[in-house]
Structure formats: structure tokens, C-alpha cells
Amino acid sequence: MTTTHSPVRLQAVSAPDQPDVTPALERLYRGFEQELLVPLWTEIGDLMPVHPRPRATAHLWRWESLLRLAAQAGEIVPVGRGGERRAIALANPTLGGRPFATATLWAAIQYLMPDEDAPEHRHTQNAFRFVVEGSGVWTVVGGDPVPMNRGDFLPQAGWNWHAHHNATSEPMAWIDGLDIPFQYLTEAQFFEFGRDEISVKERITPERSRSERLWGHPGLRPVAVRVDAPGSPLLSYKWQHTDAALKDQLLLEKAGYAGTVEPGHAAVRYSNPHDGSDVLPTIRAEFHRIARGTQTAPVRETGSSVYQVFDGSGTVTVGDSTWSVTRGDLFVVPSWQACSARSEAGSTDSDSGALDLFRFSDAPIFEALRLHRTHKDV
Amino acid sequence: MTTTHSPVRLQAVSAPDQPDVTPALERLYRGFEQELLVPLWTEIGDLMPVHPRPRATAHLWRWESLLRLAAQAGEIVPVGRGGERRAIALANPTLGGRPFATATLWAAIQYLMPDEDAPEHRHTQNAFRFVVEGSGVWTVVGGDPVPMNRGDFLPQAGWNWHAHHNATSEPMAWIDGLDIPFQYLTEAQFFEFGRDEISVKERITPERSRSERLWGHPGLRPVAVRVDAPGSPLLSYKWQHTDAALKDQLLLEKAGYAGTVEPGHAAVRYSNPHDGSDVLPTIRAEFHRIARGTQTAPVRETGSSVYQVFDGSGTVTVGDSTWSVTRGDLFVVPSWQACSARSEAGSTDSDSGALDLFRFSDAPIFEALRLHRTHKDV
Amino acid sequence: MTTTHSPVRLQAVSAPDQPDVTPALERLYRGFEQELLVPLWTEIGDLMPVHPRPRATAHLWRWESLLRLAAQAGEIVPVGRGGERRAIALANPTLGGRPFATATLWAAIQYLMPDEDAPEHRHTQNAFRFVVEGSGVWTVVGGDPVPMNRGDFLPQAGWNWHAHHNATSEPMAWIDGLDIPFQYLTEAQFFEFGRDEISVKERITPERSRSERLWGHPGLRPVAVRVDAPGSPLLSYKWQHTDAALKDQLLLEKAGYAGTVEPGHAAVRYSNPHDGSDVLPTIRAEFHRIARGTQTAPVRETGSSVYQVFDGSGTVTVGDSTWSVTRGDLFVVPSWQACSARSEAGSTDSDSGALDLFRFSDAPIFEALRLHRTHKDV
Amino acid sequence: MTTTHSPVRLQAVSAPDQPDVTPALERLYRGFEQELLVPLWTEIGDLMPVHPRPRATAHLWRWESLLRLAAQAGEIVPVGRGGERRAIALANPTLGGRPFATATLWAAIQYLMPDEDAPEHRHTQNAFRFVVEGSGVWTVVGGDPVPMNRGDFLPQAGWNWHAHHNATSEPMAWIDGLDIPFQYLTEAQFFEFGRDEISVKERITPERSRSERLWGHPGLRPVAVRVDAPGSPLLSYKWQHTDAALKDQLLLEKAGYAGTVEPGHAAVRYSNPHDGSDVLPTIRAEFHRIARGTQTAPVRETGSSVYQVFDGSGTVTVGDSTWSVTRGDLFVVPSWQACSARSEAGSTDSDSGALDLFRFSDAPIFEALRLHRTHKDV
């Protein structure tokens, strides 16, 4: 009997919960290896922990470094068919060097040089763009040009054709969020190349996309437009609305009314105007404003999140890590690790003194599958 | 045997589909009457027609007349506990003099004198207000004062406390739509009196209600607010948004893109931002803009509608009736009667020359019960 | 000014909640009549009561009388195209002599002579059959012959073709339940005639319908069959299963486990195996077994019900009415009237001594529209 | 600059879609490594393939070998707190020796010696048991003892307390299916130990569980039982019903009616009687019967499946692999690999000559997230 070709390796160990190490047990384990079998009793601690024990680690990436490296890539790495995008992804330090921000989420900085195009394609991976600074790039989704400006959030559900086009004489960077790791792990991905060039008509750059004209009016839906495809039909959530909604929550709080998450902590969720659900089937996106001097309560949640500091500065604690953060910095919150933030009075460059955080997470996966839990640490 | 006290009256008639009139049949019918029974074969034509045969009639009410009578009522009929509201309802000519605009819908003009209050109450009937002209009244829903101005639509789902308050020195009129006939026929109504006086705090008249601060930002929802009650949490759909959405549809059409119902006919549906559904469980509300010179295709639909002309003028055809209509006029479309409209070029007082129509209907009832049908006449 | 042709009649009355009777008020009311308007303040008590005030009355129909009259009709009234069915409906004493058991529900005895056919048709009205005694008739639904035997429940959602065929040498009676009054009041009905004769193939009378072969296995659904149409794809709920489910609940109760509605009161709801919902979009159907000597708690519910005694005997109280009931008797429970039942020990002809009640109601309408309430009287 | 501690390793390669290998590119890649970044352009082929390229491999495990090893384990490996279960899991040959049958699914043989208990616990992982042979073990779910016999399927949704108890003098084996790999990858798991001993009362072994008494009657639901927890409230799907449903489909086919998946191929899905959904939020379970001599069409599907041969014998093809299979054999179908089966006439030990296949898959995950696709190869 030889097990040399089996990928299974079983080690009989002397431990309280394990069977006695005997020649019979060793023979049994060789038999398991031979037949490609693994017992539960050696694996249960790893596979079925008392609460999620994430393989990912809490980690912070500095925007300054990302932007610097992206600009270098802009000089020497072309964008074209095959590579498809000049996108550089966060690789969580404990996920084996893979470009996975967390177990399920991809987060990357994407960089487009003046007048450059990223070619058209589509894929089942759900995606969005979020713009922490700059302007001038248009995303063309299904033939609809969508401008990108600071603070804008652009969801783009799976299987929509899309390309990017920088219409200005300046380079531009933004972040892409996708469910690439999730679809990689569950093996659900399809991909298709589109046209090599978008049309002249799509290079026209209106202030508002067609999707905004149809779906961007509060509480109003077009009578004649059917929605069958997954994801939000609204392709841009402009900053002016997000900012206004957050201001309104804090004003309500000041007037003595409910609306904020906790004192000094306003938050909105980007939602699908067709059915009120999350903007993407697998990704939740939110914007949190933490007023000057506010410390939020630590919260744990099934699944993971990625945050980007949009404005202000402060201190963030995730699990055992604490960082000072400022505009553009990105950090990840692995599953069931407590996350809290403090806005730092006086040290901010924003008008309001608030710490503004963009956040995305995989919560819709767990809610859809009845696996979602949250816990507020006392 | 005597049947004098039975409400059942059966007449044996000589007709192709009816049993032969014989003494035995007469005896049988007397037996039915005695036992409170009615056979299907005498009733089927009325009860089970080939398509809906509405008891209601297409009819037009002139705003001028309504307003005149409402103003007279303002002078001599007080508003107070018991009568509750100075509301005067459309009584469809073939519904027996009852205050039913159609079989299921109530439509009334409500009128409030300067500084007058309508007392607080709540009821299971779903309601809304729509303002064709004027301003200055505040509806207070669950303690949240909501201003009313020309073009605003204010839904108010069943069982919410509400009162009205005229904060100005002018009388104000608007229309109320409710599902009173539906709940009367199905016997589902509950009603409760509230406080006799609303508080000073609720007499404050902010530009925007608290509901708008939380729910009035396109595609954004407050993370911390749970929605359990039926109906839209957004209590006002302001005219500026409705107007902008309609303009956008017509601009898209002009640029060669889809979005309108048919050429020259834009339409938006007021929707619940929490789940994208209709604003009220039993009532659908829409706004239609018919561009100058456009004639819409005749459409039939299960269930009934009430329209109010918001602006412009034109010609409306419902079933066999055709009317010239102008601002404020109200008309009803009974079940399965074809309705179409024409905007009349040149004869309008509106800027755009469009015919602007506010509409509400009972379609959510039929959709929820899988009974909804529409048909576009060729 | 003349109002002779207006259906509106308004009477100014001297009452605490009404405006003072003055010549001005009289003129106002004449103006209302002229313009087909009715004020809320004269109607609110009737239209918006504190709780449902049903127009229908609690009433009992004796099976013996129904069966006797149906048998007479069998002798002298033919079944054929036009009249369609030899169905004789309960006419609630306070619903104006119309064939309405309650405001929304139709209940009739249908009677078919030996070898007789009822012709094929379809309609949007949702329907079911329930068999209190006899056997031998086949309902053919969409070409699928479904046998009918004592205790069987056969739902048949709107717009399915159906015909009936008596394959025996005995007449047979059963009850039909439909939402005819609801669809009449809301004006949603469509109707279409089918073939005059069903085919020889459909006269074959298998023990089980095809629908039962596909959908009648507990917790199992056919992988290859899509369900798009409303209503249950299972066309027969056979008595043996209903009886077994009720016995099981009472055995569980005896063993100390939950499952019954209250001590001695077992109840099952007929449900759609496709989605677990009610069998019909507008009609709920249940079977209640009240063990010997048990008195149920009085319950009020929005909407109305019709009950038929399937077996046993006892006493039923609905609102202010109390009746002794026995096999086949039918009674109605108007909206928000308390209903309770007592099984009478010793006086029953059933094996178990239980009072077995079939029930159907309009509850799905109110649940779908968020209008449903129940209340258990202490 | 040193990158020795970075888990990221980037290799500049000379390839058509890759940037030119230059010192600048090398410097850029060292910068990426330093900052824990990975570009899309080196990874896209692996992460975003044209269609799913599963890491798992089609593979067959022989029941004979599994049973032999499980019996050996029965002799030398105790069952107790800590190890929890004597379960031995399939380890897909290309999943790194982990106990993962596919990327998302766990499949194991569990083995319990005479009079042995497996201790109580609960976990968020969704689970089921399926019995290919033997009887005598009771699973106790939430205090409800559920017997296990050949052909029975027992779902057990996450977070239900459960223990197993062998009440006989013979060992018994069965298979467990769980979503352990999925919850491991997405990091959603919670686990809790229960009582060390189940009570005497739970050792009573009724023929039917309480769940079957409440939920095991076709199309009937208990009126008084609320369902809030995820997963089916029916804890056992007995073989007699599964077998009858499959026979019925083949009889319908023989009579010329629809119902089977394709000629000679009957299939039922185990479903939740509360809402008609899959029995578990993340796992679909089905039973397929392939009539003697039938060859099924190759089908591809997003996500993976595990099959166990319940009866008969035949040939199965998955991707490029083809195996002769017989009772108890288990095989896996990775994502988007074509699977087909042929029942082999004459060579079977089953009465019917059919090939009976139990199947479970992760399809509900993809359906819930709008990622599900199927393709029938021509």
C-alpha cells in the first residue's frame, strides 16, 4: 500500500480529543489517505469554530502609497485587451499573497491615463467604483456614459457590458470593489470580451447618465421601464445626495429625533430604487459620517468589510489593531472582528471635522442565506 | 308557507338559458326564497360577465364647481371632532348616490380655512393628499409636520395618526384619495380618535418633513431606521422632483432613448423607497405628462382610476364619453373602460403646453391577488 | 336649479356632530346634489366605523333543506350552456337578496344527476369544491379528471378550464366556494366558454388525478414542472390525509407537545405545495376538529368565513346567534364577529365524537393588503 | 527595500498580455510586494475565466471502501465530546487534502456502533443525513427523535440542537451532507456544545417524528405552528413517499403526460412545506430515477453536486471521467462540468432495473445571489 500520490496527509496525534495513537489508528489513517478521506475529529476545531475565525487579518493600506504605485504603473503598464484594466488589488497579508482584500471581497485602485480607454467586457462578478478624488473618467455601462466625480458611487451588477474612458488631460484614480474572491471560491464566474472600441456616441459626456434620468428622482420610478436584471438600475449615486442625506440625519439628531445609528454617527445605505434591496446581489455599500469627537461602539458582524476614508481623520480599531487614518486610506475588517472608529477633533482637514467613511461588505450573501449575525460589544 | 319576510325574490322567466316556467319551477323558487337561496342560473349573466361590466360610470367633475362649493362649506360648516374633516366627495352617478368615485375609490376636495385645524385621528383606510393649487397647510403625520404645496403628493398609509393645520391667512383646498369604498365593501375598517389638539411643536412648519430628511434622497436609505408598517415611509413627494423626472423622460425620448410610455407620453409612479412597491397597499399613484399635440393610445385595465388635471388642457375619452378638460378637473375611469387623452396644442396655459395628469388607481389590489389585466386597444 | 335627476340625496339633520340646519346649509346641500357630491361629515359614521360593522348577518342553513331543494332542482332544472351549473347559493338575509353568503364569498350547493355533465368554462373567479357526502363525480380541470369523494377538498384557481361529470347512477351534491361577490364588487371578472363536450379520454376516472401524482407527495416537488399560474397545482386534498393530520395533532397534544390551536382543537390549512401559501389567491381553506366536550375560545377576524359541519354535532355561537349544528349544516361568520364552537359529548354520530368543521374565508385578501387583524376574546 | 516578509510574490513574465519586462516593471512589482498589492493583469486569467474552471476534480468513491474503513474506525475511534462525530469525509483529490468533496460541500460517511450516542451540539452549518442502507439510528433534533431507515432523507437546518443514538445491536452507517466548506470559506460559522446526554424520553423511538406528524401530510399545514427559523420544519422525508413520487412520474410519462425531466428520467426535489423552497438555505437535495436503458442528456450547472447511487447500476460521465457505478458509490460533479448517466439494463440488482441516484448541490446559494446558470449540452 502506498499513499505517495494522495494529497491527503493525516497525522495521528496524542491529544485529549483525539483517539489513542496506536498501530491500528496509523493503519486506519493510511487507509483514509489511500481512499481520499479525512475524518472530522482531526479537523473540527478548524472547520467548526465556536465563532468565525477569519483567515484574513485586519490591515491598513495607505492611499499615498497606492496612488504612488498606481501612477508608476500608469507610466509603464499599458491598458488593453487581455490585461483589461490597470487595477492593483489589496492582498490581505494572511491570504497567501492572493489579491483578496478579505475572504470574499476584492478592492483595487484603478488608474487611467489622459485620454486612455479600458476596453469593454462583461462578467458575472458584481462590481462598483467609488471616487475618493479627481474627476474626468466616464464609465460606459450598457452604452450609457456615467461620469465619475469625487464622492460618487457607481454600482455595476454582474453581466453588464462596461468600459472606462478618461476624457481629460489628467490621470485619474478610483477604487473598484468586486466579489471576485467569492465567485472564485464558489466557482460561479463567467466572462466575455466586448467591443475593442466604444463608439463616438458613448464618448459624449453628459452631466448625468441616462440611468439617473430614469431612476435618480427620489421615490419616483418610470412607469414604462421593466427591471428584470439583478442589481440597481441606478448607475450613479452622486455625492451631493449622499452628503445631504448625512447632514439631514445629524440635523434630525440635533433636533431630538431618531435617525442616526448612534449619537454623532450618521449612515446611509446605497439601495436599489427598484426594490429597496442592496445595490448588488452580493455587495452592500454604505457611507458613514462620524461627527467630530464621536467614538462609535464596537460592532461585530458575520462576513467582512472594506472601508475607505473619504474625508477627515481619526482613529480606527479593528480587532487588536488600531490605526490613525486619513483621506484615502483603506482598511479591512475580517469576519466577526469588532470595528470602531473615532473622529479626531481639530486634526482634520475637512470642513465639518467629521470622519467620513465609505464602506462595502458581503452582508447580502449572509442575509440571503440566513447566516447573518451582528453583535454590539458592550 | 309564507316568504313575505325573505329578502330573496325570484322570478321565473321564459328565456333561452332558463328552465321552463312550470308550476314545479315556481314551487322550487318559493322554496329557495323560504330558505334564503338563489340559483346561479338566474344570476350568472350579471355576476360572471365575459369582462368587467362596471356599475360605475365615466364622469367628469369641474374643479371650478368643486372649489366654489367647498368655499361655501368653508363659510358655514365647521371642522371638528365627529365630522372630522371638511371633505366633499365625488359621488359616481350610477353608484346609488354614495360618496364613491368608483367601486373602490374615494376622491374628495378638502378645504381648510385660515388658521383652522382638522383634528387628529387614525384609520385603516389608506389615504393621500394631492395639491393642485395653493399652499400653507401642514399635515401632521405621527408628529411629523409635512408642508403641502402645489404639485406635492403626500401618501399616508393606514393606521397612522394624522391631523391638518392651516398656518396661513388664506383658505386652502386639495384632494384626498382613499380606499374607503373598498374597505367598506370588504368590511375591514378600524378607526380611532386622537388628541383634540396637536402640540405647539407640531405647528412649527419646516420646509421639509422629517420623513423627507430620512427617505427623500435618491437611492439612499437610513441604515438605522427599520420599516415594519405598511406603506411608504416617505410622506411627501415634492413637485420639483416629479417635474424633473418627467422632463428627463421626454429629453431621453428626444435623444432617441427608451423611457416614456409611448411617444410624447412620460409617466412616473410614486413608489415606496423601502421596497420599491406602490406607496400604499391598495392605491397606486402616478403622474402622466402628455406632450403638446400627443394623443395617447386607449388602454383598458382591471380596476378603476381617478384623474385630476394638474396643468394644461386637452381632451379625454373614457369609454363612450369625451370631455374637454382643464386645470383641476377630475374624472373617473371605471374598470375595463378604455381611457385615452390628447394634449391640445395652443389652448393651454402651461409653459410646456403639455397636459399634466395626476392619477390614482386600485391596481395594487388586483396585482396582489393575481387579478390584474391590461389591454391596449389597437 | 333642479336636482331631480341626481342620485344624490342629502338631508340636513339636527345632530351634535352635524352643521346647524340653516337655509345656507340647505342651499349647499342642493349644490352638492347638483354636482354629484357627498360630504364626509354626513357619512363618516357609516363608512369609517370604530371596527368593522358587517352588512352581512350571522346565519345558519340546514343541509337537509339545501339537499331537498337541490334534489328537486335536479328533477326540473337542466344543466347546460348559459346557466352553466345547477348551483344554488346561500343568500345572506341582510345582503339584499343577492346570492352572497357574506360580503365577499359565494357558497352554493351544486347537484349533478346520474351521467350528467356540467359544460366546460373558465373564469377569473377562484373556486373550490368540498364534498360532505357522496362520490362519483369527476371534475375535469385543464384536461385532468379529479375524483370527488366525501371529505375531499378540490381547489381550482381562476382561469383554469373546468367541467364536471357524474360517472355514476346516483345524483351527487357538494358545495362550491368562490370569490364571486368580491370580484363582483371590485369588478375584476372575466369569463370564457369552453368546449360543449369533454372528450372520452377525460371521462376516464382514475383514482388519483395527474396533479396528485405530481404534487401529492409530502415535501416532494417534481423537478421538471414549472409553476407560473396562481393557485395550488395540487387539485385534490384527499380526506385520508386531512383526517390523519388532525389525528396526529390531537395525539401530539395528548403526548404533551404543541401543535393544536388550543386544547382539544386541531386545525390544518390547505396549502399550495409550490410556495406554502393559501390554495387560492383570495380564499383560505381549513379543516378544524374540535374534540368531544371541547369549547373553543371566541375569535374575531377581519373578513368573513363560511363553515360547513362535516361530522359530529355541537353548538356554534357567532356574534349574538347560537345554533345546534349537525352534519352538512352551513353557517357564516361576518367580519369581526366572534365565533366559537362546542362539540357535544354523546350526541354525535361520528366515531370520534369530535365536531369536524370545514371552513373557508377571505383572509388572503386582507393579509395581502396588510389589513388583517385577529382578536381572541377573553 | 526588503520584501522578505511579504506574502506577495510577483513574477514579471514575458507574455502577449503582460507588460514588457523591464527594470522599471521589476521595481514596480517589488513596490507592490512591499505594499501588499497584486495587479489584476497577472491574475485575470485565473480569477475571471470565461466559464467556471473548478479547482475540484470529478471523482468517485466506492461505498465498499468507505464502509470498510468506517467499520474499522468503529472499532478503534470512540465518539465523544470534542471529536463529536465518527464522520469520515470525502477529500477531493485537487483540493489540497482538505475534507472538501467540492469547493462548497462536505460529504461524509458517519458510523455509529450499537447503543452508541453522538453528543448533542448545534452549528450554523446546514446539514442532512441520507440513508443508503441499514436502520436503527435515531437523530434527535430539538428534542424530537427522528428514525432513520433506508432511503430516508433528514434535513437539519443550521442552529438546531441535534444528537444521534443507535438503538439497535448493529452498527449503522449513513451519509452526512453539509455546507462546511462554504461556511469555512466565507467565515460564517458558529458552534455550540449541547447536553452531554440526551434524556431517556428522547431515547423513545416512535415510528414517526413529531415534525412528520405536523408537517408530513401532503399540502396540509398546521394552523397553529409558526415557522420563523430557516430550513424545512419537516425533519424526515421517508423513502416510501420518494419512491411513490418517482413511480408516479414514470407512470404519467407512460400515459403520455408531462412530468419527467426527459424520457425515462424522473426526479423529485425535497422541499420545505412551509414555503416550497429548498429544504436548506444553502443545499438542494433531489432524487433521480433513471429507467432501465435510459441515457440522460449532459447538463452543466453553476456550482457543484455530490451524488450517491441508491440502487441499480450504470455508467456515469462527469467531464472527462466515466465510471461504472453501483449501490452506495459516491461521486462529485464540479462546477460547470457536464454530467450524464446511463442505467444499465440487466446488470442491476434492483427490482425496477432503474438507476436510483440521490443528489445534493449548492444551487440555492447561486439562485439566491442571481448567479445560477444551467446549460444542456446538445
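Order of writing sets the labels: A, B, C and D. Residues in every chain begin at 1.
The definition used in the following text is that a contact is a pair of C-beta atoms (placed from the backbone, for glycine too) under 8 Å apart; a residue touches a chain by one contact, two chains touch by 3 or more.
None of these values were measured; they are calculated from a predicted model.
Common neighbours of chain A and chain D (chains touching each): not present.
Each chain gets a centre from the mean of its Cα atoms; for chain B and chain D, those two points are 53 Å apart. Put simply, the C-alpha centre of chain C and that of chain D have 44 angstrom between them.
Inter-chain spacing, taken between the CA centroids of chain B and chain C, is 30 Å. None of the residues of chain C touches two or more other chains.
Interchain contacts close the chains into one ring where each touches exactly two others, per the touch definition above. Chain B contributes residues 6-9, 16-20, 22, 24-25, 27-28, 31-32, 35-41, 43-44, 47-56, 59, 61-62, 65-66, 69, 72-73, 75-78, 80-99, 103-104, 108, 123-125, 158, 180, 182-192, 230-231, 281-282, 302-304, 334-336, 362, 364-366, 368-371, 373 to its touches with chain C in the complex. Taken in their complex, chain D has these residues touching chain C: 210, 213-225, 232, 234, 237, 241-242, 244-245, 248-249, 251-252, 257-261, 267-276, 279, 286, 288.
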